[in-house]
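Here it is, the structure in full.
Letters A, B, C and D name the chains as they come in the text, with residue numbers starting at 1 for each one.
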Amino acid sequence: MTNRFHGIIGYTITPFSADGEQLDLPALGQSIDRLVAGGVHAIAPLGSTGEGAYLSDSEWQQVAQYSLERIGKRVPSIVSVSDLTTAGAVRRARFAQQHGADALMVLPAAYWKLSEAEILQHYRAIGAAVDVPIMLYNNPATSGTDMPVELILRIVREVDNVTMVKESTGDIQRMHKLQLLGEGQVPFYNGCNPLALEAFVAGAAGWCTAAANLIPELNQQLYKAVLAGELEQAKALFYRQLPLLEFILKGGLPATIKAGLAMTGLAVGEPRRPVFGLDDSGKATLQALLKQLGNAG
Amino acid sequence: MTNRFHGIIGYTITPFSADGEQLDLPALGQSIDRLVAGGVHAIAPLGSTGEGAYLSDSEWQQVAQYSLERIGKRVPSIVSVSDLTTAGAVRRARFAQQHGADALMVLPAAYWKLSEAEILQHYRAIGAAVDVPIMLYNNPATSGTDMPVELILRIVREVDNVTMVKESTGDIQRMHKLQLLGEGQVPFYNGCNPLALEAFVAGAAGWCTAAANLIPELNQQLYKAVLAGELEQAKALFYRQLPLLEFILKGGLPATIKAGLAMTGLAVGEPRRPVFGLDDSGKATLQALLKQLGNAG
Amino acid sequence: MTNRFHGIIGYTITPFSADGEQLDLPALGQSIDRLVAGGVHAIAPLGSTGEGAYLSDSEWQQVAQYSLERIGKRVPSIVSVSDLTTAGAVRRARFAQQHGADALMVLPAAYWKLSEAEILQHYRAIGAAVDVPIMLYNNPATSGTDMPVELILRIVREVDNVTMVKESTGDIQRMHKLQLLGEGQVPFYNGCNPLALEAFVAGAAGWCTAAANLIPELNQQLYKAVLAGELEQAKALFYRQLPLLEFILKGGLPATIKAGLAMTGLAVGEPRRPVFGLDDSGKATLQALLKQLGNAG
Amino acid sequence: MTNRFHGIIGYTITPFSADGEQLDLPALGQSIDRLVAGGVHAIAPLGSTGEGAYLSDSEWQQVAQYSLERIGKRVPSIVSVSDLTTAGAVRRARFAQQHGADALMVLPAAYWKLSEAEILQHYRAIGAAVDVPIMLYNNPATSGTDMPVELILRIVREVDNVTMVKESTGDIQRMHKLQLLGEGQVPFYNGCNPLALEAFVAGAAGWCTAAANLIPELNQQLYKAVLAGELEQAKALFYRQLPLLEFILKGGLPATIKAGLAMTGLAVGEPRRPVFGLDDSGKATLQALLKQLGNAG
């Protein structure tokens, strides 16, 4: 199974009406077109940034179907699939595949802490239900489940279509371990924005980022500089965009990315409650950061 | 608003069919009757033990309505209400009130970490939607949100019907702080089984526990010994049941309580996947623990 | 080997001259007389409160010898022995025994993290060097070494004169585990002031506390109330002294206890640098707390 | 004050006699000559690897004086100065300067947790006592004190001769923050071996490492590849030495480096108790790792 995913993989947001109740699919379409126009190498709908966890089943399906149609194979798509129950995750996985997803990203959400056997079985069930490749996603800060590298590699070995790993713990040493224990054969992706430079240097195949909604050129220039071995340039590009990367992480991706899109001409509403939109002070900071980077709307 | 909740508050489980897909409401009814017969002072449906987080909206409503009817005001009821969205939590809160819940227990579930302002607004919205008293529930291990005592007391002050606090961090010093900063006016409840003795000694009004499905008499004897100031007896009763309390906590409440009910004659199925049922080795240990306590089915 | 240690075990401070350079042994003598007059059941020189870690070898020996002479067997003594090297700890242990210590308290200080085998060997070497009983002391916050209950009990089994355990993690469940796994045969002591009530309720044989320098009567009344099974009174006594107990813990024991002694008429200098003495705001708070408790100098 | 420290800064070990009691200064001299011959850019005596914390004052002085004489200005020297008391650290700082140290590395060791004001005052006192530049050293795992970047930069601003920072938390984002908040003006050094590549890429001026006792050529080749912007080569060199870097960190630097020196012909004894030497299984692993890297003695 060859791996088509590399470089800058942009997350979509999920636009809502002003009261947070209705989906705004036309705005979603515009944001997808922006990502494609910005040159991302792939698009990832319904991730953490896309507030997938806050949607009803019906809304989730609408967003998945609409996103895949709008992407229209212009770039590869990888749909995030997550549900507290294995049955629910399997349903979403099948739905995404049926509607054309090129791959799935699977985060094992947990209320009750999961054992390694339970996590393995969860991936096994999802893997058996679809044919497309799966990117295992480790992000204990949102999922409550931290998968050690040894478990991750066991899942990769035992579940055929789990072929990629996304690491978001923020600990670069996890990527070293993936590289060493995976003997360079398991492509890994970075999901922690402030590690963008180091992850590429350590061998990450791609960077999954919501920043591509706001500064896609800078994201790509960084990737290209590393690919070209231009270390000084990569470092300069990284430190240039780092304040924005830290700001969106600290301020919450849905709130900050949605505010940034509004500043650059695309109204997409606020995050769904209880998550707040960016406050005025945050907006002023974001505006200043974007202006410094030449993208002030 | 007077407080009717004290003593042993028993959690219900949610029985499923063998494949985990269908609800088994008659078994739920029997488990509720057992709790009442066991002498619990109140019943709490749809908590963590009740796998409320793993139910669809429709299932959640069926379980809430059925539980409240079956309890039938024989003891007070407190229904756990939790949803990642404020709108969803409000809907569940209204539903529970409409169907006769005497109180609600509200845990602020989080995917994206919540700020204090977001948590306060979440409680404010739920409080405004219902008239019944609300027990604020702090359990970072499952919810991903840890509310410091200062925030908890601010919510109690600012939201009229938040009148009780359940603390499940496992740190007895949180209860000291609730007692001192709350000036003894805010009733607090213990949700950490291995702290049962200390919490009562520190002034907890009640103990919310799934153990009441298996050893209700021992739970009550402990409470009564503390009330009577029989310290040596309370200590002996506590250490007697502690191995079981630690076992069910460590083994996962849905898995262990469901296995224990099966051993004592009430088949309630297994937890919903990805959570596993108790394995054979765990069952043997549980059987031995129950036998020591005189409840071996 | 019978155990003579129970109840309130008071820590000594180590008085310095105004510049922190010289020992003030006469003031040390007065503080010891105060502890005895206050009714403590035993005295523990050179613990954390006694700044044992900040003394040169020669100073340490002067303080140990002087303290033991001044105590003069009026109450049992237990001298804290700690050194980064095993050889240094053995030397201090022998010195304390030679000068009449009734027991030793041993904390395994660490720069490089110690393995369980290294910790065991450390206790074995000290145990072999002396005849007096040893109280194993677990306090990861100061020592950097956290000994799980299983390791503690292994050391108790394997090193003959390690017969007592002092637990200062602040987690009451460690004491439960000592009680259950130790089958009630291993006396344990509480070193975390805010757990004073719960530790006694859970079965602690004693409370090692610096608070006995300031409020020895309240400390003892709490102990006696628990012994007498007077739960309501114990609870009231506990909550009465808790604000002071939390203050001295949070403010640093050497700084707060030394300030409190000065307020009550005994000048003992400040902690040795880099540790600061209590600042003016802290002194005002401490004065108010002591006044409330009827000990305002 | 110009900064002469860059590249590979090698730590010395402190050789002992077989029983751990006596210093073996001739062996220390040989190990220093090896470091110089290996091409390190500077030498750092008496650091964590050098067991400085486990030496008596007299031993510490002997090792400092001997090391500085033997280095003999062939490369710059930076002597680690650490003591629980400010007075003791000042004495060591003065001694090192008097005997020719080109710079000092200062770690704020703590028994009682230090406030930011206490840490600042500690550095101020040491800074005022000497003229040579000081490298502030942050390593919470060994010192128990974690200095946030904001505090570090405040100390750099307020204490004239604190001009360099060594970061050993293992979190690369601390270095990003040093670079951004320090506006590229504060040279920082990496003390976490597994971050060697990323730290250089992020802008670290040097890498302080005990590995230079065993694989100095590989350490330097990595540094030179980054300087030359040869990213692919740097990455290959990093992953080649990473298993050894992780092994020495996990196994404890004094134990593993001393074992490695013995394997390559220089007997330096074992670490001082309670720290154990490397066991047979560890020695076999180390031997294999060194053999793979072409340094098998």
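Heads up, the rule we're going with is that a residue touches a chain if its C-beta (ideal position, glycine included) is under 8 Å from a C-beta of that chain, and two chains touch if they have at least 3 such contacts.
Remember, it's a predicted structure, so these values are computed and weren't measured experimentally.
The set of chains in contact with subunit A as well as subunit B is empty.
Counting the residue numbers used at the interface between subunit A and subunit D, over half appear in both copies, so the two copies meet with largely the same residues. Note: centroid distance subunit C to subunit D, computed from Cα atoms, is 35 Å. For the pair subunit B and subunit D, the distance between C-alpha centroids works out to 52 Å.
Note on chain placement: the centre of subunit A and the centre of subunit D lie 39 Å apart, centres being C-alpha means. Subunit A has no residue in contact with two or more other chains. Chain contact topology: the protein chains form a single closed ring, every chain touching exactly two others. Under the contact rule stated at the top, the pairs of chains that touch are A-B, A-D, B-C, C-D.
Residues 170-173, 176, 179-180, 194-195, 197-198, 201-203, 226, 229-232, 234-235, 239, 242-243 of subunit A touch subunit D in their complex. Against subunit A, in their complex, subunit B makes its touches with residues 20-21, 48, 53-54, 56-57, 84-87, 108, 111-115, 117-119, 121-122, 125, 141-142, 144, 252-254, 271-276.
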